[in-house]
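Paired with chain B in one complex and with chain C in the other, chain A is shared by the two complexes that follow.
Up next is the complex of A and B:
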């Protein structure tokens, strides 16, 4: 009998008898196995989240530019510089307005479109697929396409403006026009995401319940309110949170369509941060401080919406 | 708690141990990762390497070599269609050309060196980004090497661009490649139709713009004003007018100063004329501006001299027989035409290059008379002469006869150079932001220029 065999033979009886040493071995080894399997993911998360976050904070509290990061500790100087700059404070409120307005537009139009598509049947069909095209188009291409269509010279809309007596009209030429145009392009691009999510949820609405309600004399609005909405409410709230995050993150469209102008009309925080850190001034320290402030604002908004969602879902 | 432990799950003691162990591991990993980042912060703090240089007299053969370049996107044709072919023909070598949009060029060059990637040997750099690149240790000091190379013929580079394009803090970091200046192009047929003479003053210009736009009922706009809110576009538009009024971007001590009568006059004129220009100036960039002039929708445009080649090319232009060019107008008390060094590029050696001597040899070759003539004479390259001999060459003169005298006057004169310190790109952006607010009507010209000066001096962000 080898040593190994002896040990194994002794371990099995020990387990069966529930001896202290046997239990210790099992309890020490087996529960850790799944955790060890998770170690690569945890390590990845730490490297991809903790390291950049600490580095970002380091940049925010030091004199840093693109060429020479982390030169010396400057405390809150970068934060005050960002908050005292001409563009940043306005960009925060603009970002919040943009995210809120775009979320409402995307969710309302996306849900309405899903309801219309569901009324046609349980398949999206060719029309539905075509409606989803903006979602699969790269955002930069969406921006380029709209920029070309809105160009005052030779743009696709030039003839239309002329036809309705608006020669030389450029919707991107005024502050309000540029902001609204950006909002509409964004809605056109992301509305299909909500449509897909809500359409999928609508497929799970029990048919018999709808029919029963109809038999009881419920109209369309009553059926939607009492039968359909409770079934899709969770999905719509999830889509809303997603749309809100996307609304805060919008960047590509601003770069391509308006470059933050005219003036600061479409200068959203994400574009300000990019411009400060990587364009012209290369002030990575100020850009990092602005990022920290922006994250705090986004977190506060998300927390409020999160609480509202929790209450709404709980009341169901 | 026991009730919550599922059947078969380790008991409370074990869970406690496991949880403690997991927490310890997670905490350890978190601390470790944070320490790694913090260590990186500490080691990076205050770190700065001395700038590299190519030694005097260093020589290398370009035969069979591959040179990697990071260039301004509009220069791609010059490098790929002209220089790459010539390089292969002369040396059997290869040029690997990577293009970056003009607004990302300097940051990509800095990052290539700072990240340690060192992917490129040669940078096609903006001269007003020179200070930023030098501060980033991204360019190799070529002072001694240039002095030792008798075949460079530095005296042939245009005096107006030689120092602004290459010299920073007493050292030379490259050789001039693209002598960019602006002149005023106009559509002579439109001017004939409305019985106008080409403008000599900015007041003439403003009056002509208003008349053409009003009288044509918007069929033709009196001018195309490039107003996209970046130094390369709106900055050029304002600085052209500032130069015409005899102004400058800095005071006698070299500090940014836009609180001057000349600057206020220049901006006031720009604000007033914007409402008659192609709508809407603040959203007009290069492509739209060029299209509008070349299609005949805009009667005037102040832009780079290579527009002469585009306007003469029937595949690009509907105004082949109609265009002409004059020097930028003058204004106020100034009577001497003066252009500005708008943009403008040099070629320098990347500090991240593994073959810096070869890269320096390439810079010398690419900026030679023969190659400067080849790129400056070809439509679409976006390159203007950087050498006196090229400017005087019959072949260059023949390539754009109508604009030749105007271009020559601008380049051999005393063009207004932009400041090129590390903080100046941010200051120029602040200036553009304030000018845009003034054009929008949100600030007066005086207020916008005062705010721009304050921000520029402070080295302010956004």
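Up next is the complex of A and C:
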């Protein structure tokens, strides 16, 4: 269910380093690696994961303000308030749609580009450098750059818009337009990650198998289906899970590009929680209850996709 | 196979890749264009500045406290990267070699799947009480710890690549576990450590949710917060905003290009397969 299990089936891309032998399924468990080595990371988990989870539940069932948390037990009031608010229920389904759609987009375009690059040769070349740039750009800045580029006045395409009779066209002006634009920007940023990962896996596809299949008269689609796909399948699924995790984390882009609008059309749950808890109304209890619900939904989606991955990868 | 198609296919491929390369760099090229134009010139739209103006770069430092914010971003990114590496290296060694190692990496990655906003409100109270809000130390702590799961995941792959015989020989020679880690394992996984350190550096430099939530005062705010502040301003200065963005991101690009080999190796060698 976690990405950890994706490391279960072992196969290493040869892109990185020469030696690919040496990994064993069965390890001698050595008594010489003390538990002490794991302690700092576990302490980190306690601080960043366990403590917040417990405290969050406390906040969700009580009344709090910014200065004083956990004032009064309120039962399920925060939950009903969150679910009856105008923005929250929609934000949940929107977050799920965004995560799902962005995952499909990022994985499909990323894999396609990796295949294109592999057809050219066994190096990423100049494009390899270019592909790293979106990945290391702060999402806030990605949002700024795209927002400036799409601005109806002074944007990059104002000339093109007026040429095709769409003077002052603003893709962020409509609900659907704004949501699709966010998806597009997000795909621009994260597609390269999938490309880099899948390209590495493609380098491991046995050449002789591909050639043998071609000699047997297999077409390009047949070669992909029977030779290429089986050896990149685990990587693509792992990339898909990673993309899904990232898709649920989106926050910065919303703040910078749309502030959740127009209306609530791009209000994703993380932005709702931030705005409700720390920015507009300081309704800590409602924001906490919303967080609990959001995390539950994310976990459920991750679990379902995790099971699907397990089945797909096991079907070899 | 006709002669034409053997020539045309690579050509079409190259053309497609060229277009993709262009699309990838488009927003960045536009930022450069904007940063070199006066406000009037920006209004005219298009791509080519009618006259090159350098004032945006110096003016951006007056509009927001850019120098302070850049300093804060670097402190947070370097501190967090260091914290991540110091915690993740022994944890990755444990994950790769100890009997319950797989359980550790499983739990760590499970925690990575949770959206960070889940920890936002609880950590806000905790950090406020501990004096860690409006404080770069708080961001170092939260960013550094948040990147540990990814770092362990990637480093584990590097540790597994070491033949266990080498460590066994070290133990037979009487080295303690700590000494084995320091003197045998760390040098052998050094490329992975560089990659993981850089990835943590980038992620922390780019972090926004905790940075904007935990810092209300400019003396502890980071660049990402500063760049987002341009937005709220109604007299938005596109040119200055673009200039400030470039000042923030160019050092990262230089790092990424210089370290490209390590980064790609780190991303692909560790976990996803």
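Miscellaneous remarks
Please note the rule applied: the second predicted complex is superposed on the first by the 277 of 316 C-alpha atoms of A that agree within 3 Å, B and C clash if a C-alpha of one lies under 4 Å from a C-alpha of the other, contacts with A are read in each partner's own complex, and residues count from 1 in each chain.
The criterion applied here is as follows: contacts are C-beta pairs under 8 Å (C-beta built on N, C-alpha and C of every residue); 3 or more make two chains touch, one makes a residue touch a chain.
It should be emphasised that the depicted structure is a prediction, and the values quoted were computed from it without experimental measurement.
Within the superposed three-chain model, A:153 lies in touch with chain B and with chain C [touch as defined at top].
When the shared chain is aligned, chain C comes close enough to touch A:234, but chain B does not.
When the two complexes are overlaid on their common chain A, residue A:55 makes contact with chain B and with chain C alike.
When the two structures are aligned on the shared chain, A:278 is found in touch with chain B and with chain C. By the touch criterion defined above, A:82 reaches chain B but does not reach chain C. Considering which of chain B and chain C touches more of chain A, the answer is C.
When both complexes are overlaid on chain A, the residue A:168 reaches chain B alone and has no touch with chain C.
Look at A:69: by the touch rule set out above, it reaches both chain B and chain C.
When the shared chain is aligned, chain B comes close enough to touch A:261, but chain C does not. Touch criterion met: A:47 reaches chain B and chain C at once.
Residues 27-28, 30, 32, 35, 42, 47, 51-52, 55, 69, 151, 153-154, 278, 287 of chain A lie in contact with chain B in one complex and with chain C in the other. Within the complex, the chain B residues that touch chain A are 10-11, 13-15, 17-18, 21-22, 25-26, 29-30, 32-34, 36-38, 40-41, 44-48, 103-104, 106-107, 110-111, 114, 132, 135-138, 217-218, 221, 228-231, 278-280, 282-284, 288, 291-292, 295, 297, 422-423, 425-426, 428-430, 433-434, 436-437, 439-440, 442, 451, 455, 459-462. Contact residues on chain A toward chain C in their complex (touch as defined above): 1-7, 9-13, 15-17, 19, 22-24, 27-30, 32-38, 40-42, 44-45, 47-49, 51-53, 55-56, 59, 69, 113, 116-117, 119-120, 124, 126-142, 144-146, 148-149, 151, 153-156, 158-159, 188, 192-193, 196-197, 200-201, 234-235, 238-239, 242, 245, 248-249, 251-252, 255-256, 269-270, 273-274, 277-278, 284, 287-288, 291, 294-295, 298-299, 302. Residues of chain C touching chain A in their complex: 10, 13-14, 16-17, 20-21, 23-28, 30-31, 34, 42-47, 86-88, 90-91, 93-95, 97-99, 101-102, 104-126, 141-142, 145-146, 148, 152-153, 156-157, 160-164, 167-168, 171, 177, 180-181, 191, 202, 205-206, 208-209, 212-213, 223-224, 227-228, 230-231, 238, 241-242, 245, 248-249, 252-253, 255-257, 260, 263-269, 271-273. Residues of chain A that touch chain B in their complex: 27-28, 30-32, 35, 39, 42-43, 46-47, 50-52, 54-55, 58, 62, 65-73, 81-82, 85-88, 151-154, 167-170, 172-175, 178, 258-264, 267, 272, 275-276, 278-283, 286-287.
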